[in-house]
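Okay, so chain A shows up in both of these, paired with chain B first and chain C after.
Now for the complex of A and B:
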């Protein structure tokens, strides 16, 4: 029987899509609302995950305290990256953010004492002891499972991730409709015109960057719990671009398009790996892993050509000058 | 009369070229002052210095006696000095109404903290702002387009939108950058009537850069002429019209 018919597999795909929803929601706030080209979102995700894991595994903090601190650390990193660079033109800012995320990854790779180095979080407590940061999370997961009478751990995770994701999407969508969201959209359109109407452009951009970074930080924590172990290699720049693919797939500027894009992406990405019919069967599974990237690339090219506003975007907004 | 805006000895160079060279001018309370001069005279740069988009190398700019020349643009607007741009800057993917509402000052709903913790106050302010925005759109006769995306407006309508929008920011002095450039004759008359009407009804003052000398003569009570970065002449429209130096500057004595 193919893996495509296994419930466990689809629950896994759903959890990953939920994590990508949180991750890309941050990009939607930054780019969709405020027009910030952040190509280093994965760096904020790494900061969230590492802060949580280090505080729990090394410092013995409660997960319930460490997680908010980790999210705040990601937001603070957003402010620190943004303060000197947000005055730069859009494309320069984009380059700085990608450099930032690579710096985070390389620091995590080389600071063995702080992060466990290239071997990842297993090494957090030093050589010889297998460090672990998600005992409390697994107890919480079991407790939720018992309350809901759901036995399957993956299904519980699916419920938890999507509850958080949909709640935050809803809150973000509400925030986008406030006067605060209106200022962000205005900055996306024309920052000088917005400044000439009395708005402090830099302050709003910092807020958008920090909020988006906080969402990436949360995505990092959830990712860490789901996989119970991670290493710097999990935070390759490619992850950021997966987020961008989701954003373009769903629709830039449409908050509710994020979960839709993440689900479509998640299914495309995970399922294509297990396509065992022709022509995919001509290739071994390692090669198929690359074919799926080509397929997703093709879908995005077709989308940009025939439906540039994304699955849920508004066409009329695309044609205005 | 007292000075509302006072520009003293402002200079600004770009890569060694003195775009504005020791320029001084005064806009009296309740006046409509025009700033004219040939292309490259430094009018736009001076405008940008006054509105904070360009930082002057030297000089002093005061609004009602308050120094504003070291402030960023958004704080200059809040101090009461608004500006428009040479080409209308409609925020095209936002509705006409949102363009105007955006400019409202002191809106608690524009702060994250206000959105979360001062919801009643921000809702109240939003209602107030919406009503005022509709009024301003009626004034410039764009109320029929309130819910259209502003990108669907024509060039002339965008000029009117710019005017309504800056009025929402409640400035005392408005800097208009070529308000009637490329505008149809009927709209030109409409804009002239708005400028005169806003001064009469709301006591607003204007500083206007404009190449259309007919408009300048009809609208303004003071004219400042710039040439090569310097203020050449200042006077009433009649005085300026007959000044030899102005005629030379426009016709170009140097050839």
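Now for the complex of A and C:
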């Protein structure tokens, strides 16, 4: 169990939880506020990460320009996906968004010239040259570390990710209390009634979808910096399901529940990797990976059955009238 | 080339159609989008593998074994999970998430038992029938025959038997069906049995057609099958059949050179979704759905 006492391990868990906070915050805006069943969130994350990496590594853009463009690209993708599909009923929308995220992954896997293909970003600049997109980020990280007198790279990352995450959580919580947030909740509760008050339902939903997609795009950029490399396989639909699990775990409709859910999930997910006591010690490492995902599946099922409102949420969000 | 692609499309579409009916019937009765269905198909394929390779049964008996195993699994899941959730009045979100949980558990369990390596049934992969300029493998012929039989049986069941009519009535208007004195619990069990049998059959047929399969293959089939369900109109069984065949044929034909040079075959899965999105733009309720429920 020595790993559980190492600061490096906890910094890693914290960074992963911070990235999931950004990712799930987008789902909170879309579902918690607007009632949109977006099950393709990972597609927006992939668009953010790939746009940033391609602009920096292939086009030679500065990271400080490429990142806002990448976030805008994710938001634009949200608008483009939403325009034809937001008129659909919720369950149709859920399925179409999963399809969207799979199309993104499919394109990223097969368009070698654009994305580096299945081998990932290392192949961005073509065979034989190892492409890199995070040199500028690492210089920034070292600079922040020097300012704060923190030597450890992981701890600097932890501080940066959580500063951004908590700031955005705070802004989102503020946003939920504005007239804009109230209209979104009204649409979620009764679309026809809100439309009859002269609110443009589709426009509000598009804005919520795009805002959530932008947050996923940012999560994608941070993920890319943290791991210095990514491939289409990092954007499996499973990631979206993890996000939904965090959302439910924390509590739907409660913005501050997102970081709580993400921390609990990050611990569950990362810590089970290091379970080395019985009965886990009887399994080889591949089997252990299966058992881990199985446990996560079980946690999702048990949550839905026994605590559909999550740790901090309200029960009426998840139950039929 | 065109006829060959058309026939290939009918083969793929038959598999989609059977699976899509299994998903659509359950949605119609229970309002459950069953995300675990792909992994139930995988389970069926591996149950068939167990009968075929481990027990040494012939392929037809193995397929029947897989269908029974699928039905047992799906009724068992209803008893331990879906029924308690119904009693707790779980909403659409809760049911959908729980089915994602089931999908994860099921797939990992299959990986634990059978391992990640690809498997194949004990059939002759080189036996080919030639009809005109169309070449069909034994597996493709078996799939078309089995699917035609299954579609006929399901269609007759829904149209002619009392239980079938009751199921359609329930999926059209649940409250009205209930006040007419329909035994809801019995209908639910019958629905799960049909859905499980369809999962077993679709799993075995899909595995036969692609000749080798691994524990992830059902999940990869799930999205085009969902596309077929949505295309037909969620909850409409006839729509699901039609949606499956249309998508199967459309994806295969998209690679035909006569069709603007043809789409690169790696993008075949994407074609299904493009067809779906275009169709939904024209008819948001799906081909067979009711406009009022959208």
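FYI, the second predicted complex is superposed on the first by the 313 of 321 C-alpha atoms of A that agree within 3 Å, B and C clash if a C-alpha of one lies under 4 Å from a C-alpha of the other, contacts with A are read in each partner's own complex, and residues count from 1 in each chain.
Here is the rule we use: a residue touches a chain if its C-beta (ideal position, glycine included) is under 8 Å from a C-beta of that chain, and two chains touch if they have at least 3 such contacts.
These numbers come from a predicted model, not from an experiment.
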Practice task
Determine, under the contact definition given at the top, whether A:308 touches first (chain B), second (chain C), both, or neither.
Solution key: second
Handout entry: Contact breadth on chain A, by residue count: chain C or chain B
Key = C
Practice task
Using the superposition on chain A described above, determine whether A:170 touches chain B (first), chain C (second), both, or neither.
Solution key: neither
Practice task
Examine A:64 and indicate which partner it touches, taking first as chain B and second as chain C; both and neither are also allowed.
Solution key: neither
Practice task
Could you tell me if A:143 is touching chain B, chain C, both of them or neither one (first, second, both, neither)?
Solution key: neither
Exercise for the section: Kindly classify A:180 by the partners it touches after superposition: chain B alone (first), chain C alone (second), both, or neither? Expected result: first
Handout entry: Residues of chain A contacting chain B in one complex and chain C in the other
Key = 320
Problem - In the complex with chain A, residue positions of chain B that touch it - result: 51, 53, 72-74, 77-78, 82-85, 89, 91-94, 98, 101-105, 107, 109-112, 114-115, 122, 126, 129, 149, 151-152, 165-166, 168-169
Handout entry: chain A-touching residues of chain C, taken from the complex the two chains share
Key = 27, 33, 81, 84-85, 88-98, 100-105, 107-109, 111-112, 116, 223, 226-227, 229-230, 234, 264, 266-267, 269-270, 273, 276-277, 280-281, 284, 286, 293-294
Handout entry: Footprint of chain B on chain A - complex, ascending
Key = 175, 178-180, 182-183, 185-186, 189-190, 192-201, 207, 316-317, 320-321
Completion exercise
chain C partner, complex, touching residues on chain A are 31, 37, 84-85, 87-92, 94-96, 98-100, 102-103, 106-107, 110, 241, 244-245, 248, 286-287, 290-291, 293-294, 296-301, 303-305, 308, 318-320
